[in-house]
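This is the structure, below, for whatever I ask next.
For reference, chains read A, B, C, D and E in written order, and residue numbers begin at 1 within each chain.
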Amino acid sequence: MASSRGKSVIGRFGVHIAVLVFVAIWTIPTLGILVSSLRDKDQLIVSGWWTALSTSSQTEAGRTDAADKQVEKDGKFLIMGNLFGAGDARTVTAFGTKAQQPTQFEAGTAADLGEGVTLQVNDDGSYVMSSPKAFEITRGQRVYFSASAPPRFTTDNYRTVLFSEGIGRSFINSLTVTIPATIIPILIAAYAAYALAWMRFPGRALLIAVIIGLLVVPLQMSLIPLLKLYNGVGLFFGVPAKTYLGIWLAHTGFGLPFAIYLLRSYIAGLPREIMESARIDGASDFEIFVKIVLPLSFPVLASFAIFQFLWVWNDLLVAMVFLGSGSDQLVLTGKLNALLGSRGGDWEILTTSAFVTIIVPLIVFFSLQRYFVRGLLAGSVKGG
Amino acid sequence: ELKFKPGEDARFTWANFDELKKVDLKGETLSIFGPWRGEDEALARSVLDYFSEATGATINYSSSENYEQQIVIDTQAGSPPNIAILPQPGLIQDLASKGLLTPLDEGTANFIKENYGAGQSWVDLGTYKDKDGKPGFYGFPFKADLKSLVWYVPENFEEAGYEVPKTWEEMQALTDKIVADGGVPWCIGLGSGGATGWPATDWVEDIMLRTQAPDVYDKWTRNEIPFNDPAVVNALDIFAKIATNDKYVDGGKAAVAATDFRDSPKGLFAVPPKCYMHRQASFISSFFPEGTKLGEDADFFYLPPVAAKPELGNPVLGGGTLFTIAKDSKAARAFIDFLKMPLAHEIWMAQSGFLTPLKTANKEAYGNEALKKQGDILVNASTFRFDGSDLMPGKIGAGAFWTGMIDLVGGKPAADVAADIQKSWDAIK
Amino acid sequence: MADLTLRDVKKSYGNLNILHGIDLDIKSGEFIVFVGPSGCGKSTLLRSIAGLEEITGGELYIAGEKVNDVPPSKRGIAMVFQSYALYPHMTVYDNMAFGMKIAGESKAEIDKRVRAAAEILQLTKYLDRLPKAMSGGQRQRVAIGRAIVRNPKVFLFDEPLSNLDAALRVATRIEIAKLKESMPNTTMIYVTHDQVEAMTLADRIVVLKDGRIEQVGSPMELYKHPGNLFVAQFIGSPAMNIVAGTIERTGETSVVSHVGGHKSSVPVATPSEAQGKPVSFGVRPEDLYVATGDDYLFEGLVDYVEQLGEVQLVYVDIGRAEQPLVAKLPGNVEVKRGAKIRLAASPDELHIFDSEGHSFARRRLTAAAA
Amino acid sequence: MTAQILSAIFTIIVGVGGCVVYYWGANKILDAVFPSRGVSGAAAVDNLRRQGLIRPWLFVGPAMLIVTVYLVYPVIETLRLSFMDRGGENFVGLANYSWAFGDREFRNSIFNNLLWLAVVPAACTFFGLIIAVLTDKIWWGNIAKSLVFLPLAISFVGASVIWKFVYEYRAEGQTQIGILNAAVQYLGGNPQVWISTPFWNNFFLMVILIWIQTGFAMVILSSALRGIPEETIEAAVIDGANPFQIFWKIMVPQIWGTIAVVWTTITILVLKVFDIVLTMTNGQWNSQVLANLMFDWMFRGGGDFGRGAAIAVIIMLAVVPIMIWNIRQANREGGGGH
Amino acid sequence: MADLTLRDVKKSYGNLNILHGIDLDIKSGEFIVFVGPSGCGKSTLLRSIAGLEEITGGELYIAGEKVNDVPPSKRGIAMVFQSYALYPHMTVYDNMAFGMKIAGESKAEIDKRVRAAAEILQLTKYLDRLPKAMSGGQRQRVAIGRAIVRNPKVFLFDEPLSNLDAALRVATRIEIAKLKESMPNTTMIYVTHDQVEAMTLADRIVVLKDGRIEQVGSPMELYKHPGNLFVAQFIGSPAMNIVAGTIERTGETSVVSHVGGHKSSVPVATPSEAQGKPVSFGVRPEDLYVATGDDYLFEGLVDYVEQLGEVQLVYVDIGRAEQPLVAKLPGNVEVKRGAKIRLAASPDELHIFDSEGHSFARRRLTAAAA
C-alpha cells in the first residue's frame, strides 16, 4: 500500500507519529546505555543520562595544594592555584570548607578559616589561601564547591575494548564460527523443510511433530551429554574434541528445529502451480528446490539467517564448551567477556562491548533486509 | 614478560624462582580455569607467568561469565581443566562428592596448617568428602579477601569530629550521633543482579562471629544448629535494626535492596556526604571514584568486636579462592607446589587486591599501606572464618539465604526469615 | 505415438466427487477440445491427465502404457496453466528456457527455440522482464511459450487464450492450429470457453457437465446433431432457442405443437409411443429468418436488439414466461423494437428433445422442407 | 594476521562447501544409480519412483541425524536423569517429580511462567505486527525497523544492564538516574523499586523480553506481510475498508499461519528464558521461572541433576499442547504433497 | 451524477511511460468499453480511475470533483479485477458481503443482496466455499458478485468474463446490460478483449494503443468508420483485410489499384494531392462474397477453410507475401481447398487509409455501387 493510495494528511501523519512513538520506546533504553558508555564513569551515578548534554550544577570536592607550594608575599603566606585542572572550563558559584555546608560562601568572597587564615575561591576555580603563619599542612585543604559542569564525554571505554590485545584474532574466530554456523543450518533446514512441505514419504507428520517438540529443549540440557560424546569421539579418533566442526554442528543442531519450523511453514505456502509447472517441465525435486524454492524463499531465509547469525554471534556458552577458551579459539564475546572485571561490575565495559558486538549483526541485518522484498510471488499465478 | 625482573627487588623471595627452574615441564600444558577476568585476570597471569617461565610449561588460563556452570559442564563431561579455581567451597564440595576432583598431596594440608594464619581454619575449609565419603584435602587457598572492614572518609570524620570506633558499642553510639547531627551513618546496597542479597549475608556472618563462639558459627554453616536458632535470629535482628532504620541508611530501607553494591560506597564521597560508613570487603575500593587515594581520601577500620564479649577476641570474616586439581598431571602438582612458595604470593601482593594468610610471605611486598594493614588484620586474626554463605550448600548460601536477606530488609521479622531458610535447607537434605 | 485412453477415470476431493468416471479414447495426433460450464471439471480432468492430480479411480494410458503412477515429467506432456503459474523470479526468457535447461539442451538450441516461440507470441521485447512487470495477457503468452518450447508428445492447454485480445487471440489460435499441423503426431488437449476456438481448432470436442461426458464428436456433428438438450444449448452462441412443445404426430416426420398451439412439421423420426408426450423443441438463432408469408414458426414482439455490425441479435418476446427468443439476423434487416415480427426456419434445422433431454435422431439425409 | 584470515576463509569454505557438496553429490549419485534421463521409458519411470522413495530421506537425512545427536539424545538422557538422584547414579523413581510439585518455589515458578506465557507472546506478536505494518508505509520504515530490531542484537547481559538503568531506583527526593523513576517523579509520583515488588515485578521483567523479541516478531511478520497479494488489499480499499479494517480483516487473516509460527516460537522461548530473570532478580522477590529454577538446580548451587532434569522434562511437557495444535494446523493447511 | 473527465492523464513506472496523456469525457450513465491490444494500458487506466495507481500527470474528475488525491474508497466505485483478487481467507459469501459489512449495512440487507447476486451468477451453492476450492470461472464470478453487491456510482470491470463459458458469458453479459439499464445513472467502464461484449454492451468504445487513445465512438461508428488502420484492424473479428494499393484517381469517388494491378472504384473522397500515393485498401471478411461475374475485387486460391457452423472462414492466397485474405462466407457455400475463388464486396464497404494509417473520410450518404 503505497502512501499514494490516498490517505488523508492526518492519517499519513498519524502513521509517522505512531512509528515514532514505537521507535522511541524501543530505542530509549539503548540510547541511555549508549550515552552512558560515553559518559564519565563517576558522573553517571549522579545524574540521569538524559541530562548528559546539558550543563549541570554539581557539588564536588577539591583540594588546594599543600604547604610545599606556598609562597611568601607581603609577610603573608599564600597558596595559590586552581581547583580545576588545565583546560577545564567550569564556573564556581559557591564554595565551602565543610562537607555539610559545601556552598557556604559565594564565589569570589573570602572565607575565614580561623586563626587568620582565609580562603578565596573565584568563579574560574582559582583560589588564594593566605595565612599570617607558614602553612604546615602536608595535604591540601579540602574545598567543597558548587560548579556548573559542562557535559563530559570520553571514548576511553571504546578505546579499551577496541584496542585490547587479541581482539582482531577473536573477531576472526567469531566469523569463522558464525558464518558456517549460519549457512549450514540454513541449507540443511531448507532441504528438510522442503521435504516436509512438498514431498511425500512415510513418517512425515511424525517428523514435523518431533521438530516442533524439540524447539523447547533447553540448550543447557544438551551440553553435558554432548560434550561427553565429543570427548568420546575425540578420544576414539585421537583428534581434539574441541574443533570448529564441532561447534558448527552444535550450533546447527540447536538452531535446526526453529529453522525447519520457520522455513517449512513458509515453503508450504508457496503456490502449488509453480511447483507443478516445474514438475511438468521435468525438474526433479532437487532441481525444484534449488531453482524454484530457494530463490522464492529468500525473505524467510534472510530472516532466519539474521536470527541464527545473532544467536551464534552473541553466544558465549556454546563456544566456551565446544570450542574452548584458549586465546587462539576465543570468540569475540569471550574476548570481551574477559575484559570485564571478575566481580561483574565494569558496566562501562559491558555497555561498550554491547555496542561493539551489535555492529556486525546490524550490518548483516541491513544487508539482508533488502531481500525482504514485497511481492516476490507477484505475477506468478492469478486467483484468490 | 615477567612483571618484576627476577633477582632485582629484594622484597621478593627470588630463591623460589631458582628452585622452580629445577622443575622441567617443557612441552607440558597446564589448563587453568578461574573466576578472574579483566584486570584481575591480568594480575593472575602475572603470577602464572613466573611458573611457565621457570618450568617451561604452557599455561592456558581461561575464565567465563558463567564459570560455575562451565566448570560443572566440563568436569561432568570429562574434559576438565587441570586446575579449577573456585571461590565457592560449596561448589567444590559438590564436585568432590561426585568424584570429579583429585585430592592434593598428603603434605599440603600440613603445610597450610603450619604456614597459614589461622591455619586449621583454612585446612577445614579445603577438606571435603569424596564419592565414598572419605575426607580429603582438595582446595588450596590462595588469595584471600578480608570482609570485616568498614570504609569511611577520614576527612569527613575529621570535619564532623567523629572518632573511629573501637567497639561495636562505640560504633552504635557513633551511628546515633551522626543521626543526631543530621547525617546518615550507613550506606548499604544489596543489589547484585542475580546475586542480590549477598552483601547482607556478610553482615550477618560478621555479626555472628562477634556474638557467638566460632564453633557455633561452624555449626551454623553446617546446619548443625538450625538456621532459626536464637543465636542466628539474634544476628539477623541486629542487622535488621540497622538496615531497616530509615534514619540509619542512605535512601531509607527501600533503597537497601535496590541499590547496587557497587554503587553503594559512592555515597561516602558525595558532597555533602550521603553516609559516613560502609561495611564491605577489601575489594570494594576498586569501585571508589577514580583518583581516590586509599589511606587519604578513603580509609577503613576493622569492624569492631563487641566489648561485652571479650572472649571472642578479634574474629575475622574473609573469603578467598581455592585451587583444586580437576585433572591430575605432573604440571598440576608442580603448580600446587609453586603456590606454596612465598614468591607466588609476593608477586600479586606487590600489585593490588591480594591478601595472603601465608606467614612466610614478605609483608613488605604489599603494594600499598592499605593492603598491608589488611594483611595485618588477616594474619593477626584470632579467628578466621570463611564466608558462611559460601560454605552452605548453594541452594541455601546462594539462594535461600540471599532471598531471606531481601525479605529481612523488606521488613519481614527475623524469626520468620530464619524459619523460611531452615525450611529450604530441610528440603534439600 | 501418443494415444491417450481414459477408462472410467474418477477424481474426488475428500467425498466431493468431481469426475464421475470419464471414458475417452484420444488418437495420436488428434486435437481434442474440452468444453463445459465453469466448474464442470475440465481443469481437473486436464490436471489428472498431466499427473498433477492423482486420480481416485480408473485407468489412464498414454501411448498404450498405463500411467496412473507415472510422474508428470515422464508422461511427455506440456501444460499451459489457467493461472499462468510462471516462475516469478525468472525473466520471461528463463521461464521459457527452464524446461530445456533441466533437460540439458545446448545453449544454442535453447536460445533458438525460445526466440522462435517468443517471436510467434510477440514476446521478443519482453524477454528480459519479470512476470510481475507484465500485463495479464503478456503473462499468459509466456505460459504458452513455455509449453511450445518443450516440444512434447501431448500438449495440454487450460484456457490459454482467455486473456488475449481478439486480434492476438485469432493470431495465436492460428499459430496453435499451425503448430498442430506441423506436428501431426502431437496430441493436443485444449480447454476453452470460446466457441470459435473450440469449433475452429478441434478435431473432436468433448462436452463435459458436472464431471460427466455429455457428448463427444466433431464440431459440426455437435453443432448439427447435438445429442441432448445440454449440448444443444451449450454449443453455439447465442444458445439454441428451446421451446416447450408436444408431439402431435409421430413417424418419419413428426409434427410438434408449441407456443400458442402453433404446429410445425419436423423431419425427425419419432416412435409412436412418443405421441402426445411433452418435448423440447429447439432452433438455433442463426437458423431463424424473418418470415415473409404465413409460413412461420414463431410470432412475437421485438424486445431488444443488439447490433453486432454485420449481424444483429433480435430478442423476441413470443409470449412465454422465460427468456425471449433470440434470432440472429443479417445486419441490414430493419427491425424495430416493439414491432411485431414473424420468424421462420428451415425444417432441416429444427431439433426435438424428449422429456429427459435426449434428442430424437434426425434423419441423416436432409429431406426437403415440409 | 593475513595467514589467520586466510585460514579462517579456508575453514569456512571447507565447512560450507562440505555441506553443499553433500546435497549436490548425494543427488548426483542418486541420479547416477537410478538414471531417469536417457534411459528407456519404463526404466526411467521405475527409477523415478525409486528416486522418489529415496530422495526425501536424502533431504531430511542430515537434519534428522543432527537433530537426533544434538537434541533427541540429550532429551533421552535428561529423561533418564530425571529419575535419578542428584549425582545421576541411583534410580529414585518419581521422587524428583513429587518433590517438584511439593516445592513452593516450583509452584511459584509455574504461576509466574503462566503469567509470562499469557503476556509475552501476545505482546511481542502484537507489537511486532503493528510495527511491521506501520513501517511498511513510510519512507524511513527500514530505519525504524532497524531500531526496533536493535535490541535483538544485544546480548542478554547487555540488555540486563540497559534495563537496570531504566529501573534504577533512588530514594525519594534524590536525583533519579533511572529513566522510569525519573519520569514517575516528573509526573509527580513516588519512585518505585520496580523489580522487587512481588507480582508486578514479573511484568517489569517481561517488558525486557518483549522489548527484545518484538524485533524478532517484526522481522518474520514483515516478510509474511510482503507475501500478501497486493490486489486483495486494493480490493479492500475499493470496498471502502479503512486501514484498521484492512489490517484486521484482510492482512491478519492472510498471514495467520505466520502469526501462529511467531506465537509458537515466542511461547517456547518464554518457557526457556532464564537469562533475564537470572541477571535481574535471580528469581528473588517471587519472580522465579521454571527455566531459571532448572538451571539453578543443575549448575548453580543446587548441584542436583535429578531435580534439574525433572524440571526440564516438565518444561518440555508444557509444549505438548502447542505441538499438537501446530501439527493439526500443519495437517489442515496440507502444505502440499502431490 | 457521475460524470467522469480525464484531462491529459499520464502514468509512468519510473521512466517507462505507460499512459501518454489520456483525454476523455464520460457522461453519467454511459457504458464505456476500453479495448486495445494486450499491454496497451487498459488495466492501468482503469486502476488509475479507481485510484489504485497514482497518476503521474493530468487531472481526473468524478462528478465534477477533482479526485487525483481522493482515496479509492471515497470515489464511489466498484471494481472487478482481472486477477479476481478474492480474499483467500473468506468464503464466497463473506467475499461478497465484505464491502457492505464495512459500510455497516444491516445483516438482512447484506444477506438479501448477496443472495440476489449469487443467484444471478449461479453461485448460490458455492457460498460457503473458500476461493481456493473453486474453479477459475467460479472465482471470476465471485469477483463480479462482489462488485454488483456494492451498488456504486461507477463500475469498473477489468475483463470480467474472460474465464466464463460461452453460455454463462452471454447470460452474464445480458445481466450486466440489464444491470446497467436498471441503474441508468451508473457509469460503467469495462475492459474486454471480446468483440461481441464490446459491441453489444458499449455506448461508446475507447480504442487504446500503446497508452494512447486511437478512437472513441459508438460501436457502429468504429465498425463502419474506423478512424485509422489500427482501429479498422482491431475492431471486427476476424480483422479487416488490408491490402497495399495506390490511388489512381482522386475526387469524390476514388479509384485504387491494388494486388495484381486490379483497379477498384471506391466511394470515398480523396484530395487531389493524394494522386499516385500509396494507400492501404481495406475490406472486412464479412463484407466479401463470392463474385459470380467478372466484377470482383480479389482472385486467389483457397488456402484453408475453418468451419464455424453457420459460417465459414475462408483463407485465400491472393498472391501477396503476407497473410492470406480472409473471407467470412455463409456455411452453405461450397468452397474447396486449393480451388480458385473470386471475391467481391459492395464498394460501400471499402476503406482507404493513407500511408500514415489515417482513413479517408467516407461520404456519409451511401452512394450506389460504381
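As a working rule, a contact is a pair of C-beta atoms (placed from the backbone, for glycine too) under 8 Å apart; a residue touches a chain by one contact, two chains touch by 3 or more.
Chain by chain, the UniProt names read as follows: A = Alpha-glucoside transport system permease protein; D = Alpha-glucoside ABC transporter permease.
The shown structure was predicted, so the numbers you read here are calculated from the model rather than taken from an experiment.
Asks: Quick one: which chains contact subunit A and subunit E both?
Replies: C, D
Asks: Which is the least count of steps on a path of touching chains running from subunit C to subunit D?
Replies: Minimum number of steps from subunit C to subunit D: 1.
Asks: Which two chains does the highest number of contacting C-beta pairs join?
Replies: Pair with the most C-beta pairs in contact: A-D.
Asks: Determine the chain that sits nearest the middle of the structure, using the mean of its CA atoms as its centre.
Replies: D
Asks: Based on CA centres, what chain would you say lies at the far end from subunit A?
Replies: It is C.
Asks: Between subunit B and subunit C, tell me the centre distance in angstrom, where each centre is the average of that chain's C-alpha atoms.
Replies: Computed value for the inter-centroid distance: 94 Å.
Asks: Could you tell me the distance, in whole angstrom, between the mean C-alpha positions of subunit B and subunit D?
Replies: Centre separation, subunit B to subunit D: 39 Å.
Asks: Hey, how far is the Cα centre of subunit A from the one of subunit B, in Å?
Replies: 32
Asks: Centre to centre, by mean C-alpha position, how many angstrom separate subunit A and subunit D?
Replies: Once rounded, the distance between the two centres reads 20 Å.
Asks: Two or more other chains touching the same residue: where does that happen in subunit A?
Replies: 5, 7, 45, 220, 225-226, 276, 279, 284, 316, 375-378, 382-384
Asks: Identify all positions of subunit E at which a residue touches two or more other chains, and write them in rising order.
Replies: 51-52, 71-72, 82-88, 136
Asks: Which residue numbers or ranges of subunit B touch two or more of the other chains?
Replies: 65-66, 69, 73, 193
Asks: Can you check the complex and tell me which residues of subunit C touch subunit A?
Replies: Answer in residue numbers: 50, 52, 71-73, 77-79, 81, 83-89, 98-99, 102-103, 130-134, 136, 139, 146, 150.
Asks: Under the stated contact criterion, what part of subunit D meets subunit C in this complex?
Replies: For subunit D paired with subunit C, touching residues are 36-37, 41-42, 44-45, 48-49, 52, 338.
Asks: Flag every residue of subunit A that touches subunit B in the complex, lowest number first.
Replies: Listed in rising order, the residues are 41-42, 45, 59-61, 98-102, 139, 142, 144, 220, 223-228, 230-231, 241-242, 316-317, 320-321, 324-326, 330, 334, 337-346, 349.
Asks: Which bits of subunit E are touching subunit C when the two form their complex?
Replies: Touching subunit C from subunit E are residues 13, 35-39, 43, 82-83, 133-138, 141, 159, 162-170, 193-196, 199-200, 219-220, 223-224, 233-234, 236-239, 284, 286-287, 306-310, 313, 328.
Asks: Spell out the residues on subunit B that touch subunit D in their complex, using ranges where they run on.
Replies: 65-66, 68-69, 72-73, 90-91, 94, 97-98, 193-197, 250-252, 254-255, 257-260, 393-399, 402-403, 406, 410, 427-428
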